[in-house]
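Paired with subunit B in one complex and with subunit C in the other, subunit A is shared by the two complexes that follow.
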Partner chain A sequence: MARSSDVIVVGGGLVGAAVAYGLAREGASVTILDEGDVAFRASRGNFGLVWVQGKGDGLPDYADWTRRSKDLYQGFADGMLEHNGCDIELKQEGGLSLCLGEDDYSETEASIHRMHNQPGVGENDRRMIGADDVREMVPIIGPEVSGASYSPHDGHVNPLYLLRSLHAAAQQLGARYVSGAKTLSIAKDGDGFRTETEAGIFRSGKLVIAAGIANKWLAPMVGLDIPVRPDRGHILITERMQPVLPTLLVNARQTADGTINFGNSHEEAGYDTSINPAKLAEIAGSIVRYFPILKNVRVVRTWSALRVMAPDGFPIYRESETAPGAFSISCHSGVTLAAAHALDLAPSILNGGFNDRFAAFSPERFHVSPAA
Partner chain B sequence: MFRRLPDPRARPVHFTFEGEALTAHSGDSVAAALLGAGIGHSRTTPKSGTARAPYCMMGVCFECLIEIDGVPNRQGCLVEVRDGMAVRRQQGAPGLPEDLAGEGGQ
Partner chain C sequence: MTRTDLAIIGAGPAGMSAASTAREAGLSVLLIDEQPEPGGQIWRAIERNASTRPEALAFLGPDYADGAARADRFRASGANYWPSSMVWHLDCPEEGDKTLLVAWDGVTRQVQARTVLIATGAMERPVPVPGWTLPGVMTIGAAQTVLKSSGLYPEAPLVLAGSGPLLLLFAAQCHAAGIPVAAVLDTTPSGAMLRGLPYLPKALFGWRSLLKGRRLMRVLAQSGIPVYRQVEGLEALGAERVEHVRFRSGGKAVKLEATTLLLHEGVVPNPQLTRLIGCEHRWDRAQRCFHPVLSDRGETSVPGVFVAGDGGGIGGAIAAENAGRIAALEIAEDFGAVNRPSGDIEIVKARDNRRAQMAVRPLLDAMYPPPAWIGKLDGDVPVCRCEEVSARAVRGAAADGAPGPNQAKAFLRAGMGPCQGRMCGLTVTEILADAHGKEPDAIGYYRIRPPIKPVTVGELAALDGAD
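Then we have the complex of A and B:
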């Protein structure tokens, strides 16, 4: 006999776990169906930024949504602690995106002006600062650094602790986690859904597909077209050091344990998570231009992971019109948006009006006739 | 604590640990040389400051991190001991390299 719950969440990564935690907070009975360790798991390979600046160029709703999640984050972190979550090492003390040379500086400045001219985006308080001011915040920058864009809203967490905390808190609130449960098919079943997995059959009233790249294949089972693709990023981890990076950067953060993580690379590589040494060399080469003094610091680990990327880089949220009660949730910022997913998006799944609330993030935007 | 097996091909290698002259066998890793010389701990941890000694001896556990000839955080089990090497305890996490030109990590 199939086990039944109010909501099934397909996917146990940061997006699925955040939604499941939010649903469980609202009192829903939740089952998380997770593929297992063969999954691509962007949630275990990402950089850990809670990042605001620069997001929403072209879609002011995304700037607002990102800012909302950032504003919710401290309460979100505290709330998980009350439910058996762990300390996620949240720090929201501002962040920098460094510029190398004059062209880079003027391009970044132009992007800020462009975003300020879009209604609703000016709130993100991003501004340019000169090299001397950057040096006061990050004393180890090299002579090629021409300045930076700064936002007081940027921050970071330990992303692995975030994932663990979400799972612990969701389960303490009664959510059930099933691993080794790759979803094979989803079908309407009376008023709800029947989900067939490698771990058996599960029934639910509602269904949330939050399976990262796999939404591309799973969402059509509920009548949705979600055109996400993999975007590969690499991360380099140094040996532990005394605190040398007092300010967070978009491509470099020093963790609470002292390692420095370098990242922010993009690559079209299909579904391949192997390491590309040429990409590592490119990242390391740029880091040495930003911080010449780190030239001989030892890199002790590297990996790659696949971001979940929409054609325009923005989230895709939608309730199916042909299978109401089934939702598809996709984004590449599973860390930044975790607070909004848990405390805002999840209640909307239970309370109705989802497609009105998240109209800006509908996949319909990819289907508009170009001749309009 | 450790006793060497006889090795007729080994020749003595002279190095220092915290300034003290020690003798190892040729072919020893720095970590093996320290254990063979009865050194109790070779680093303190960055998090708690407690003492650690080499453990896995095969490059995996990073317990043998040590300063060799002024370069911090080397894996002692992966570096062969040489005559004249100056080895020091790794005390917590290192700071920035002192030479801004970056000649220290070779």
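Then we have the complex of A and C:
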């Protein structure tokens, strides 16, 4: 028998769970349809940054949207605590992107100037700092570090606790979570939608597709073309250590548990989530250059996961024009944008005017013909 | 980069036997092992003990001493041998050679192998009784390892607790070595003989093992070591370390002093490498553990990757040697290195030898059933030692919707520590199965990530093979 709710969210990762939580906060009855225990799950493989600096080069709206999410984050974290969420270890104390050698330094500096020159990029707090100042903030850097770009807006969370907290809070607000419910087909059904899954058929008034890479093949079922592709990243985790990284880095963060996570690699590898030894060696090699003292630290775990990447790297948000009430939500910044997704995007799904509000993030931008 | 026809991981009975057999057939063989000398767990330090500590051979018993000849044969086989080396990743693409990444002396060595034999044996089933994380509580296997490799023995008063052949063997070894044992707590439920009876006729094919078992029981009975039977509700108590053990035996509550408590509830296949490469596994109800699904040839569901020995299902050293031989012969036949008729005869013989060794297993499984209480765990008892996750928290994750151990891992960090889930994997699966009212096969197991054991940043960075 089909079960019905106001909104079905396809996808129980960070994007889907944040939207579901936001919808449930607004009083909607929500069903989250998720795959089983093993799936691509970028949400279990990501790095945990709530990162602002450098984002929006080429799309000022993205810089603003990122900054908005960052500003909403503390209230978002506190709000989940009121609804059975857990402490997500949010820290927003600023972050660094280290440079190795002079060329790296001047390239980073040039990118800051470029973004300053773009009207509307609300990111003026990012600045370059020299090696000596970096050493004050991160005493273990090696002699090759030439400086860094710094932004006071950057921060991080424990991404796994964030996922768990979103699930717990959404469910406490009445959302229903169905696992083992891989979506097979979506169809219009009266003035709503009928979603067929491996766990049965579900009906809803509205439908949000937030299934990561799978939006690529699910969104066409509601008349949307979402050209995302997998972008593989590797992460290395060390054993627990005394605090040695007091400041957050774009490619290294020490968690509350004491482990250090290293990441920030990109690679085209299709849907292959296996480990590329050469990539790990490259990351490990850069760790030794950034922090020679960490050479003998033990790595306890590595993995790769697939970012959900648009051709230009920015989010894609759209309500279907042929099937109004169906929405596709994709981005690679499920952590950074979680607060905006829950507190801002989700209400727009219920209140209308979605495509006007998020016009900058429409997939139409990929379909502009050269002649236009 | 090193290239080889056959890469074998593990220099225990299965690995050494496979290496010797494959070399006789003319294959190039590389055997990689973590220990400094061959022998595996059962024959650990056999060469050193045989040459410098003959007294150890006496109290460790004749089965242990047998290892010396095996090590000699392996050494003479001409196999390329990397001791003190750790395989931390195995990658098996659909086409082409397998890649092994091996940490050795501060660098990572890359191996390209046409076929791989995983002979990494068994590990002890983790026994999460209350207090099991206190210093002074270890496993019998760990204590035996120390005894073999350095002759050191645990501090008295020493209490042994658990069930099964290794408990008996270690008690007998301690007795022979003059190590005082304060008590043996036998957790085997009553009626072991009755449970075993239906399996006895078939088990008679393995009469040698049965006689060994009888002999061990007699040694224990004559040793004067107090034995408590049908022990339940075992707990280790103490502030900084274990000071007492408490349990019920025959309906009575007992508390004993203990400075060392050694636990043992049987062994299970070491799942790390077969899980890492995504082999199909199946839950064995009688042994309460997962086994990799193997063909008659010993091949996993990943083509070109074989498993021999206790890693494929517990059978002991002689069964493992024969399984290693079978796998090596099958691989040699695939390569056309031995002619089929003669190779097939050898395979038939090895299969028969292995079958005789396995004959006793159903009897042992019935007599010494693995603990059913593990799946029922709840409360404060730590399940994941590395990340200090309790049984109650695992049940909480199930209630939050975690369908299996990977979502539970994401919610709780269970299985994310340096042991890579070795110490909690089975327990978490069993608890989730219980919480969801499903079979462990439907719940699954952790996705194992490389490195399967920790490697240093420097070892990762120093990757050879760009040749």
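In this text, the second predicted complex is superposed on the first by the 369 of 372 C-alpha atoms of A that agree within 3 Å, B and C clash if a C-alpha of one lies under 4 Å from a C-alpha of the other, contacts with A are read in each partner's own complex, and residues count from 1 in each chain.
Here, a residue touches a chain if its C-beta (ideal position, glycine included) is under 8 Å from a C-beta of that chain, and two chains touch if they have at least 3 such contacts.
If you're wondering where the values come from, they're calculated on a predicted model, not measured in any experiment.
Three-chain overlay on subunit A, with subunit B and subunit C in a clash. Contacts of A:A284 after superposition: subunit C is touched, whereas subunit B is not reached. Of the two partner chains placed by the overlay, only subunit C lies in contact with A:L163; subunit B stays clear of it.
Legend: residue contacts after superposition of the two complexes on their common chain; A:G75 is shown touching neither subunit B nor subunit C. Of the two partner chains placed by the overlay, only subunit B lies in contact with A:M241; subunit C stays clear of it. Counting the residues of subunit A that each partner touches, subunit B and subunit C differ, and the larger count belongs to C. When the two complexes are overlaid on their common chain A, residue A:D257 makes contact with subunit B and with subunit C alike. Contacts of A:I140 after superposition: subunit B is touched, whereas subunit C is not reached. Of the two partner chains, both subunit B and subunit C are touched by A:V297. Only one segment of subunit B in 22-30, 76-84 or 94-102 runs into subunit C in the superposed model, and that segment is 22-30.
Residues 239, 257, 294-298, 300 of subunit A lie in contact with subunit B in one complex and with subunit C in the other. Considering their complex, residues 140, 239-242, 244, 257-258, 292-298, 300 of subunit A touch subunit B. Across the complex, subunit B meets subunit A through its residues 46-47, 62, 65, 71-73, 92-97, 100, 102, 104-106.
In the complex of the two chains, the subunit A residues touching subunit C come out as 36-38, 43-44, 160, 163-164, 167-168, 171, 177, 179-180, 236-239, 257, 274-275, 277-278, 280-281, 283-285, 287-288, 294-303. Here subunit C touches subunit A in the complex through residues 89, 91, 93, 99, 101, 108, 110, 387, 400-407, 410-411, 413, 416-418, 420, 443-444, 447, 449-451, 454-458, 460-463, going by the rule given at the top.
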